[in-house]
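In what follows, chain A forms one complex with chain B and a second complex with chain C.
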Partner chain A sequence: MFTFSNILFLVTVGLLLLGGLLSVLTFGRPRLSIISGFTSAAAASLAGVALGLSVLIGGQQVNLVLPWALVDNSLSFAVGPLAGFFIIVISVVSLAVSIFSFGYAAEYAGKHNVGLMGLLYNLFILAMICLTASGNSLLFLFFWELMALTSYLLVVFEHGDSRVRQAGFIYVVMTHLGTMFIVLAFLLLYREAGSFNFARYAAVGPGLPVALKTTIFLLVTVGFGTKAGIIPLHIWLPKAHPAAPGNVSALMSGVMLKTAIYGFIKIVFDVLGGGPAWWGVLILVLGVISALLGVMYALMEHDIKRLLAYHSVENIGIILLGLGASLIFLAYGNRALAMLGLAAALFHVFNHAVFKALLFLGAGSVHVATRTRDMEKMGGLLKRMPWTGFFFLIGSISISALPPFNGFVSEYLTFQSLLQLASAHLGPALSVLGPVAGAGLALTGALAAACFVKAFGIQFLAMPRSSNAERAREVAVSMRLGMGLLALICFVAGVMPASVTRLLDPVTRALLGVSTTPALGGYRWLQAAASPGGGPKVAPLALLLVLTIVTFVLYMFNRLYGKGMAVRRTETWNCGTDLAPNMEYTATAFSKPIRIIFKRIFLPQREIETDYVLKPYFTAEIRYRGSIKPVFEDALYRPTTRWFVKLSDKIRLLQSGSIHLYLAYIFVTLVVLLVFAR
Partner chain B sequence: MGAANSLAALTGFLMTLTLASSFIIVGARRLGSAIRGAVVQAVLLAAVTAVRGWSTGVGEMYLAAGLTLIVKAGLIPYILHKVEVRVGSCPGVKSYVNMKMSFVTCAGLIILSYSATARLVEPGIGVVERALPTAVAMMLIGLFLMMTRKLAINQVVGLLVMENGIFLAAVGATNGMPPVVEVGVFLDVLAGVLIMGILAFRINRAFDTINTEDLRNLRG
Partner chain C sequence: MVKALALNVFQVVLLAGLAPLVTGIIKKTKALLQTRRGPGVFQPYLDLYKLLHKESVVSEHTSWIFVVTPYIYLASLLAASLMLPVISTAGLLNFSGDVILIIYLFALGRFFLALAGLDAGSAFGGMASSREMAISAVAEPAAMLPLFAMAVSQGSTNLTAVITGVDKAGQALLSPTIWLAFIAFFIAAIAETGRIPVDNPDTHLELTMIHEGMLLEYSGRPLALLTLGASLKQLLIFTLLANVFFPLGISTGYGLGSLGTALLVYMAKVVLLGLVMAVIETSFAKMRLFKVPDLLLGSFLLSLLGIAAKFVFRG
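After this line comes the complex of A and B, so read on.
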């Protein structure tokens, strides 16, 4: 009962509860409330990391049976390798975010109830950790809903704004819709297993008839897909993330979406044990669509947090690519290659959690400093906030999948698993599908890079575009510390991927029976191979070395043959006028070429109004308004909502408001039953 | 044997009278007479209970009879009367269905309950045979009263008739319930009537009427 892992789990949960309680009790004194709430959260996160490591490296699983039962089941927590890995992901991110929050939450002190924020924040992390730790589907659903509710309340934390309330509403509706599908899947499994225990599910899962397995698979794909934000179920994401406070969006985008991936892997891999090859193809196609459309819509956004939210859609797509490839290999019985896809997906789960949280924290810092999220009003922030700018740059390079940071490594593995689809001789269709999906991923990476050139360039470079940006100051030390921690992890995981792939070893062994080491190489080489020793390799450490040497050589070359790094400071020639911010390249202009290339997808609309002083050459003012057609809202959600509203109006006739009519319903039912029921 | 037979006959007769007393309420033209009808019904119900107590020899039945007398024939009518006085002059009973149609419908309900319960009880097994249809008929009549009467106090009276029906079923079908249950039931009804009385009073203050038809305005 009281093994090391169990105690760590109890400590984690206890600290989170304590933190929430202390935070809300001291809400009258904001400083104290912030310190008590977020210190506990940070300490709990440390315990969570230790717990995950103890499960993965120590091999000691958590097994806690609660002393009370529900329905006919004992409720239990069981942390296996998969849950252990996700607990590490959650804890690492929440540790950094909690440190960041010391400074960030102070911005809310006096304006909002920070005690409440501390309570919800702690409960939110508690829900995420406990749901991954649940050994029982009822408990899982309980914490799933707790997570949905606390995150909803955090999204509407600044509820004075009607747009925030609307975003919260859409979020809560979508998440409940998704939960309904998950509940259905769990009940179907319960009917077969006779228990709500995941272990019992896993015992009967693989032997179920294919039709039933497919039903369950589709249900969990839709259910967890809603939470993960795969297209077309993503519409809540770009609304809810910007509405939430910065630290909360970092947690939501960084780790909350990943709990859906956890649920999906748990049910599809662990319980059902894979299925027909078309499951994998479906996930692969969904992944390509989400990745491509996600990044394209991100490019069109100028609200930095909406932009990042669309990138979450993209990255969930990339994770699905790995999972899809893995499912296909699993269907053909090639477990070694299935491991490659799964490891790529899980690695990307970790990486995306880290760099997306970093980017959201960066966006939060910029918001604190400039009071705006509109990129067109920023600019020149690098000189004013060098640290934030530096960390944001690291996040940008990571998400653009460039070495030597972590995004590169996991996308490289995903590429390899897609290319292996072509060379594994699984039939002509799959041989084509693999490279096509790979090409989609390549395009995604390129567009993401373009998007972050835009995001970084417009925000941090050139001249300030507004007085707010001009007055921006570097943020508090704790906020920089939180970002720095994540940036460091981006770097370490990027140059030493084996540190993560080794952690994945127990996970793939538990799910697929295949070890990640040495198949994925060690610290010197990262390789993607079905057999040890073979397959394409890449050496991240050597890459780093080459990069350092090239930089050094260029520097020395410049030093020796350039003019000795002497900088001549003088005015930029500008046709005789002064430089002004409105001459700068805007975010809209930057994304224009891409808007033109993909206009069949974006369906852009624009209006231009011109006021003249003297026609046609002297204009007083030109107003430009451009927008892209919200295809999914228009084609899918509006008609459905309209239909439901109409239906509800019809049903509402029953509710006349008259007591007598309500009594008459009862009376008539009673009489009819007495007459006809036999 | 003869004594038991005549006791059973007496019980049946009292039950029929109880059912018949519902028609006093159905036919009442003013609130006051409806409340008086409820008192008559409660007294008859207490009599039924007492006779059942005598014939089954269960002591608790007398307790139940006493409680019926105190609560349903005393306390509740008193509360209703107070509310009626507080609310002010009430111009007769308002109903969606006129008097004649009400009588016809209630007669139909009695027939319905006899035919419905005939499937449940075999003939000749004792008091239940009489008690069950009577009880079901009273429940239906009570519900019908609640449904058609517009004034809140009248609906409380309808509820009382329903409750009397349920009580009658319990008395007729069992050899006495545990005293805890009986006391609980009475407290339940008393609390219910109290709350409804207060509500009726409040409705009157807010809307200047206890006509529940006007509550429709509350609908959003």
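After this line comes the complex of A and C, so read on.
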């Protein structure tokens, strides 16, 4: 009962409860409330990291059955390797976000109830950690709901704004729609297993008839897909993230989406043990679509947080690419290559959690400093906020998958698992699908780089485009510390990928029976091989060394050769006129070529109105409005809601308000039940 | 070990030293084809020398991104050259010479160059950055798919493995996969090296330039680094074209004789590619910017055919 891991788990949960309680009790004194709430959350996150490490490296799993079990061990916690890895992901991000929150929440003091924020924040982290630790599906659903509700309340934290309330409403509807599918899947499994316990599920899962397995697979794909934000179930993401406070967006995008990936892997890999190859193909295709459309829509945004939210859709797509490849290999019984795909996906889960949280924290800092999220009103922030800018740059490089940072490593592994689809002789169709999906990933990566040149360049470089941007100051030390921690992890995981692949070892061994080391290489190089011997390698550490040496040599040459570095500083040449901020390239203009190249996807619309002083020579004013067609809202969601509202109108006829009629309904129902459900 | 490292370093020096010459040869050929006399083939070296002795003018609006970009751009390309088999497949760092890594190292340099284009606040730089990122977004998958086709046919993305595999099979000239992939990569290479019909390397006319627009604010030494970088990137792409698809003559060891032969064959191949590029540049007009994606889509389809050809022709 009281093993080291169990105690760590109880400490983590206890600290989070304590933090929430202290925070809400002291809500009258904001400073105290912030300090107590977020200190506990940070301490709990540290305990969570220790818990994950103890499970993964110590090999000691959490197994906790609380004595007040109601039905069927419904209060049992079990942390295996997969849950342990996700707990590390959740805890690492919450640690950095909690540190960031000391400074960030202070911005809300006096305006909003920070005590309430502290309570919800702690409960939110608690729900995420406990849901990955749940030993049965009832408890999982309980914490899944707690996570949905606390995050909903955090999204609508600034509920004075009607747009925020609307965003929250769409979020809460979508997330419950998803939950419905998950409940159905769990009930189907319950019917077969006779228990809600995940261990019992896993015992009967692989032997189920294929039709039932497929039904469960499709249900969890839709259910968890809604939470993860795969296209076309993504519409809540770009609405909810901009509405939520910065630290909450970082947690929601960084780790809450990953709990859906956890649920998917748990059911599809652990419980069902894989299935026919077309499952993998479906996930792969969904992945390519989500990745490509996600990044393309991101490019069209100039609200920084909406842009980042669409990038979450993209990165979930990349994770699905790895998972899809893994499922295909699993269907063909090639567990060594299935490991490669799964490791790529899990590595990207870790990476995306870290760099996306970093970018959201950066966006939060910029919002604090400039009071705007519109990139067109920023500019020149690198000189005003050097630290935030530097950390945001690291996040941008990482998410664009450029070496030597962490995004490159997981995308490299994903590329390799896609190419192995072609090399492993699984038939012509898959041999073509693999490289094409790889090209899709290459396009995604290149578009992401374009998007982050825009996001960083327009926000941080050149001249400020508004007085708000001009007055911006660097943010509080605690906020910089939170971002710095995540930036450091981006770098370390990029140059020493073994630090993460070693953690993945117990996970892939538990799920697939294949070890990641030495197949994925050690500290000196990263390898993508089915067997420990061969396989393509890259050496991030050597690359870093080479880049450093070469840069140093070039720099010394420049310093020492000839006249050295004579530099004259003067203004930018602007065809003889003075350069003004409104002459700079804007975010909308920057993405224009891409909008034109992919116009069949974006369906751009624009209106130009011109007022003349003297037609047609002298114009007084030109108004331009451009937008892209919200395809999914128009084609899918609006007709569905309209139909639903109509149906509800019809059903309202039943509710006449007459108590006699209602009594008659009850009587009829009773008779029907007695007849059919004896 | 020392020998292998020395070979890598020699290859880097060779690439960096040869890169301006290739640019010069292309320029001279173009001039001759246009019945001009043109500057000598060594002019790019003289240009670099001249730039090294000029002071650098830096805009006051720029940040440190502008200062570090030339170093990062050239360093990422030099790092790529260290891992690439040029005249021999036996280098120390070749084990890390992965096509994905090489393409992403190009992307790293481009990322910073595009940021530097935005840094000075001038609309020319912003326009060039925007176009560069849009074109490269389409060019990158078009460049990667043919390399993937080669990688899949040899079972590895490691360049040394691909080159040795193609070299051993010895039937390079007969396989449709290789030819289709070669043509596809050649088209992508035109875009990546910024040549007509995609971009015009000789122009400084604001509305047509892409690559040159990003360099507009640079002068003096930083410009020298970036110019050398552009030449080096071009030569690296030529090297990929020459070695991956037609590795004929590449040495597999350290023997001076075989290295010498390999060097001569390699230079002949690269100069030939340069001449072909010059002929293409002279015979085509620059394309409208938004026609470029169609061209690259064509390249994409060719490499798709190349992958499918494996099953059709059993090649």
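To be clear about the criterion, the second predicted complex is superposed on the first by the 634 of 678 C-alpha atoms of A that agree within 3 Å, B and C clash if a C-alpha of one lies under 4 Å from a C-alpha of the other, contacts with A are read in each partner's own complex, and residues count from 1 in each chain.
The rule we apply is simple: a contact is a pair of C-beta atoms (placed from the backbone, for glycine too) under 8 Å apart; a residue touches a chain by one contact, two chains touch by 3 or more.
What you see is a predicted model; the values in this text were computed from it and never measured.
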**Prompt:** Between chain B (first) and chain C (second), which, if any, makes contact with A:S658: first, second, both or neither?
**Reply:** first
**Touched partner set for A:A211, first chain B, second chain C, both or neither** = neither
**Request:** Examine A:P403 and indicate which partner it touches, taking first as chain B and second as chain C; both and neither are also allowed.
**Result:** second
**Request:** Name the contact category of A:V675: first (chain B only), second (chain C only), both, or neither.
**Result:** first
**Request:** Go through the superposed model and pick first if A:L543 touches only chain B, second if only chain C, both, or neither.
**Result:** second
**Request:** Give one of first, second, both or neither to describe whether A:L560 is in contact with chain B, with chain C, with both, or with none.
**Result:** neither
**Complete:** chain A contact check, chain B vs chain C, more residues touched by chain C
**Touch list for chain B against partner chain A, complex** = 96, 109, 112-113, 116, 119, 136, 140, 143-144, 146-148, 150, 155, 212-213, 215-216, 218-219
**Complete:** chain A residues touching chain C in their complex are 380, 382-383, 393, 397, 400-403, 408, 412, 415-416, 419, 422-423, 428, 431-432, 434-436, 438-440, 442-443, 445-447, 449-450, 452-454, 456-458, 460-463, 525, 534-539, 542-543, 546-547, 550-551, 554-555, 558, 561-563, 565-574, 579, 581, 583-585, 589-594, 596-597
**Asked** Which positions of chain A touch chain B when the two form their complex?
**Response** 655-660, 663-664, 666-667, 670-671, 674-675, 678
**Parts of chain C lying in touch with chain A, wherever the complex brings them together** = 52-53, 55-65, 71-72, 74-76, 78-79, 82, 93, 95-96, 98, 100-101, 103-105, 107-108, 110-111, 114-115, 118-123, 125-127, 129-131, 133-141, 144-145, 148-149, 151-152, 155-158, 161, 217, 220-221, 225, 289-290, 293, 300, 304, 307-308, 310-311
